[in-house]
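Some structures to go through are shown next.
You will see two complexes here that share chain A, one where it goes with chain B and one where it goes with chain C.
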Partner chain A sequence: MQNNIQQSLAPKSSDQFILPFSFIITSFFALVIFSVSLVISPDAFLPAKVRQGPGLSLAHLFILGWASMLAMGAIYQLIAVVTQQAIYSQKLGFLHFGFYSIGVIGLYISLGNFYLPGMITFGLCTVIGVSLFLFNVLATIHSCKIKNSVISATFSSLSYLGLTVVSGLLMVLNFRFSFMGELHSTLLILHLWFGLLGWFLFLIIGYSFKMLPMFYLSHGYSEKYQKWILLFLHLAIWISILGFSVKYSILFPLSIGFVCGALWLFVLQIQEIKKKRFKKNPGKGIAFFVFLVYFTASVCSVAFLISLINAPFVFSQLLSSLLFFYMFGFVSLSILAYLSKIIPFLWWTFRYGNQVGREETPSLATMIDEAVIQRKLWLIFFSLLLFIGGFFIGTPNVSFATSILFSFSIIFYLVSIIKAFTV
Partner chain B sequence: MSNEIILDVRNDLREKKDPFKKIIQTVKSLKKDEVFILHSTIKPTPLFTIMKARGYKHHVEKIGHEHYVTRFTKTSSGFFGLFSKKEKENKLPATEEEPLLNEEEPLLNEEEQVAFFLDNRGLQPPQPMVRTMKRLELLKQNEILTIHNDRVPVFLLEELKEQGIDYTVDNLEDGSAKVHLKKL
Partner chain C sequence: MSKIIKEEVLKQLESVIDPELGVDVVNLGLIYDVSIDDSVVTITMTLTTPGCPLHDTMVNGVRSAVRYHPNVSHCEVNVVWEPAWTPDKMSDKVRDMFA
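And now, the complex of A and B:
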């Protein structure tokens, strides 16, 4: 009933954007808080300290508050396009937003001080939020008759998100009741792999199956690699989890091998899309994302080769830097790069969608300067490489300088994105 | 009366199997005077070009719910007749290699290539935009093309600004939009 009233008051086309925007704008705040906190405690991510309070709370703020928050907003927006039907319930979406944002902010504060009652309370809020999200989107997918690899990737991604939450929750409970004993480190690996590889990689690659053809304007390309990419990713996750639980180290290179395989097949898939494109230039942000895929595939291949020779070295010395690059480089930069297309599109439709044709409307090009976007993305990329390099040098002054540069480059980029809202 | 070769791929299609290999094998085994009859759940549009190139003309009939019967009969000109204008000979094997997407229709059917109204609703992006761009390529000066999309096609409008095409937009009650495009 209330929904009907709202719909008759506001035109439907702009109403549906409020939910994605709530997530997107909140995620921007989280990213700014993250950047500022990183300057305050630049050593939080040093491999020796990352599992202590500040490192944990910053990692969760970045992953839950920024990357996941934004991804959820993007899913609410895109699921309608992919499944050709509206989200199961807008109201549930806002409820999810409420629980989730309170949970994430609370977790950030209580993890920093390792305050257990807070961790449990806000952890629960986060879990409720995520569960509402999972239910809402899975219900949408369930009633959708279309079956394709984008939907299958979304489904896998959401399932892994669910598993991430369950394993995270078990860890928190174990802090309180210590019932898991030695299993705790295995649980940590599960939590990391489900979250980082499962939730994010499936989402980024799966949504790229849809978004890249949109921006390249490609039609009729071969989709033959898509199912193999998804299969390889599943294998990579489960093989490495198996490897960790039975302590059988040969499985570890095999797992990296499958991630490599998936990434290179993704490169081939991008080539297929490019073959049938109508548009030469998909936009600088998208071109940067494609570069990032190549780069990440190359880094992963190097790690794979080293792991064949000396697997323990990769695991003990390189893994934290690799994961760091993956999360702060691949995942976060992919999202930032896509934003340069998504934000102008969403804001334009929200603000001008009803006026177009009647009044003069600004073009997308005036909302965002692609050349600036490109320069700033490169700045973040190189700052990140320096920041990771700083880990190996390990001097406090170097860490301080590189973390300031990295934080600054993120905020500097964000300013250009937020500027689109002022048009 | 010539012989009829009948192939029914409806079960394959229902089970989401790609019947393309089966079809091509049958087609390859056809003798000159044989007529090929295909039963399918969808209109086998992707096949038409390939069969045309092999010198067959087609006739489709919908005889029931999800049941199409297509009759392919041999004509004389064949492959060279179709591609003689600009396409190279080796283009055809390349098309055969491509896996056919079962429910994928070609971008614009023959009717739509000259139509002044395109219904792009219910299509997955980027199809609406690619279809429109394709049709715009063939549009003559001062002709008006109207498209009906699920939402205001922001990226298309952006592209039009660069192409010198004038447009007006009608936002409809249900959130969809009609855009009238005029080549200047």
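And now, the complex of A and C:
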């Protein structure tokens, strides 16, 4: 029993708090700016305008400033849980925060005006920030002796983030020097797939392998589906990229099929966890996340079936809506749902961690109103469906109304999350 | 110095609550052993999962709670993963609460 004694995972509770908190609170600001900007430019994501200044600017703010900023903060908080050792360097983490924040804010402003020197300068800051992040976390993983699906998913996610940055950098350089010709469109697809499917999906699914059993208090469950989920995701990304590169359309349905396969296997993995659960209620936010996985797998299945009948229709008419639902629905809502656990835990550790064993401390459940959280997550979900529906209708008034509702629902939810800091 | 009784230490440890589950470390079955050598207490414990995010908080909480005992001069806390914790280790009272 004494041979396997675990040492402390982190230096100080304040350090454990400040680094992830810096990213998380900045991501909240980015999300609020995004929501307000969307009301000002409700047509920014219409297919005809999404590749123009306001569309690009808002998309990057959402992906880099909100979703990635928060994901990075969550990784700094949870990497010790996954690898069972502290982050390689806290100082590098803060340096990453500095470069990345300046880069993202600068990109948001310069992309909006399509100001090339700004795009290059702030793009470089973002690249330096992400590179520091990748080095820091990969060095932590490198010195970790544990080998499992969670580590493998984290490594894959970080690798795809690196590839997203490289492809994005090449695109910016091509804007300036025009050396890629027709390859620019292929590069855009690479950039999107590496970032949206590679970076986010591997991270959400991989971290869920670890977090869901913790919230369900599940032990002794089968992990047999995990490696297949990761394999299917890799295949989906590379087959899709191959399809776009050689313009071989039969590969597109195959790629969607592998995403579907990965999502349904993830559903089966969740079922395995639930079979051995000891807690009926993992938390309303987590239960919503599980619903979201089922819903996204169903949407993906419908897209797969349509692509088997009429692949060009899916890629010319449906793809932008699917990507929109995936990013603003699955990715963002998953993050928001997990926040209902991450924020109370982070704040509790900072505020009450040192009082344990000395004074009475509140439970995490009392720091956030889970019933309210659940209602507001549903509100965002339905607002998003209306917002996407507004695209199809295409009239300015409908776009304006649905964008206001969607923006309001996000800010309304954030207010409930931020309330945890008042306990 | 008065003798330290194991039951007194366990009583102290019941004040250390897992904030996610709302249950103390003793009734959760996380405490594997309490050994007392004069005024030095050594706690051997586990957590519900390896790499638990509450690792440091729980260890520090256990240390603080034991040192609250007037006759304890030092408390050593060892976290072990073998045997692994399972819900079977919870007290009946707590198990019924989750069921």
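Throughout what follows, the second predicted complex is superposed on the first by the 412 of 423 C-alpha atoms of A that agree within 3 Å, B and C clash if a C-alpha of one lies under 4 Å from a C-alpha of the other, contacts with A are read in each partner's own complex, and residues count from 1 in each chain.
As a convention for this text, a residue touches a chain if its C-beta (ideal position, glycine included) is under 8 Å from a C-beta of that chain, and two chains touch if they have at least 3 such contacts.
All values derive from a computational prediction rather than experimental measurement.
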* Asked: Of the two partner chains, chain B (first) and chain C (second), which one does A:M214 touch, if any: first, second, both, or neither?
  -> both
* **Touched partner set for A:G118, first chain B, second chain C, both or neither** => neither
* Asked: For A:G98, is the partner it touches chain B (first), chain C (second), both, or none of the two (neither)?
  -> neither
* **When both partners are placed on the shared chain, which of chain B and chain C touches more of chain A** => C
* To do: With the two complexes superposed on chain A, say which partner A:P362 touches: chain B (first), chain C (second), both, or neither.
  => second
* **First (chain B), second (chain C), both or neither touched by A:S222** => first
* In the overlay, answer first, second, both or neither for which of chain B and chain C A:V81 touches. => both
* Where does A:T349 make contact in the superposed view: on chain B (first), on chain C (second), on both, or on neither? -> both
* After lining up the shared chain so the two structures overlap, which partner does A:G53 touch, if you call chain B first and chain C second: first, second, both or neither? -> neither
* Mind sorting out which residues of chain A both chain B and chain C touch, each in its own complex? => 13, 81-82, 84, 210, 213-214, 217, 219-220, 278, 345, 348-349, 353-354, 356-358, 363-365
* Structure fact -> Interface with chain A, chain C side, in the complex: residues 12, 15-17, 19-22, 32-33, 44, 48-66, 68, 78-87, 98
* To do: Under the touch definition given earlier, write down the residues of chain A that touch chain C in their complex.
  => 1-6, 8-10, 13, 16, 77-78, 80-84, 210, 213-214, 217, 219-220, 278-280, 345, 348-349, 352-354, 356-358, 361-365
* Which of the residues in chain B end up touching chain A in this complex? -> 16, 98-99, 101, 104, 106-107, 122, 124-127, 129-130, 133, 151-152, 154-155, 157-158, 161, 167-171, 174-175, 179
* Structure fact -> Contacts from chain A onto chain B in the complex sit at residues 11-13, 81-82, 84, 147, 210, 213-214, 217-220, 222-224, 278, 345, 348-349, 353-354, 356-358, 363-365
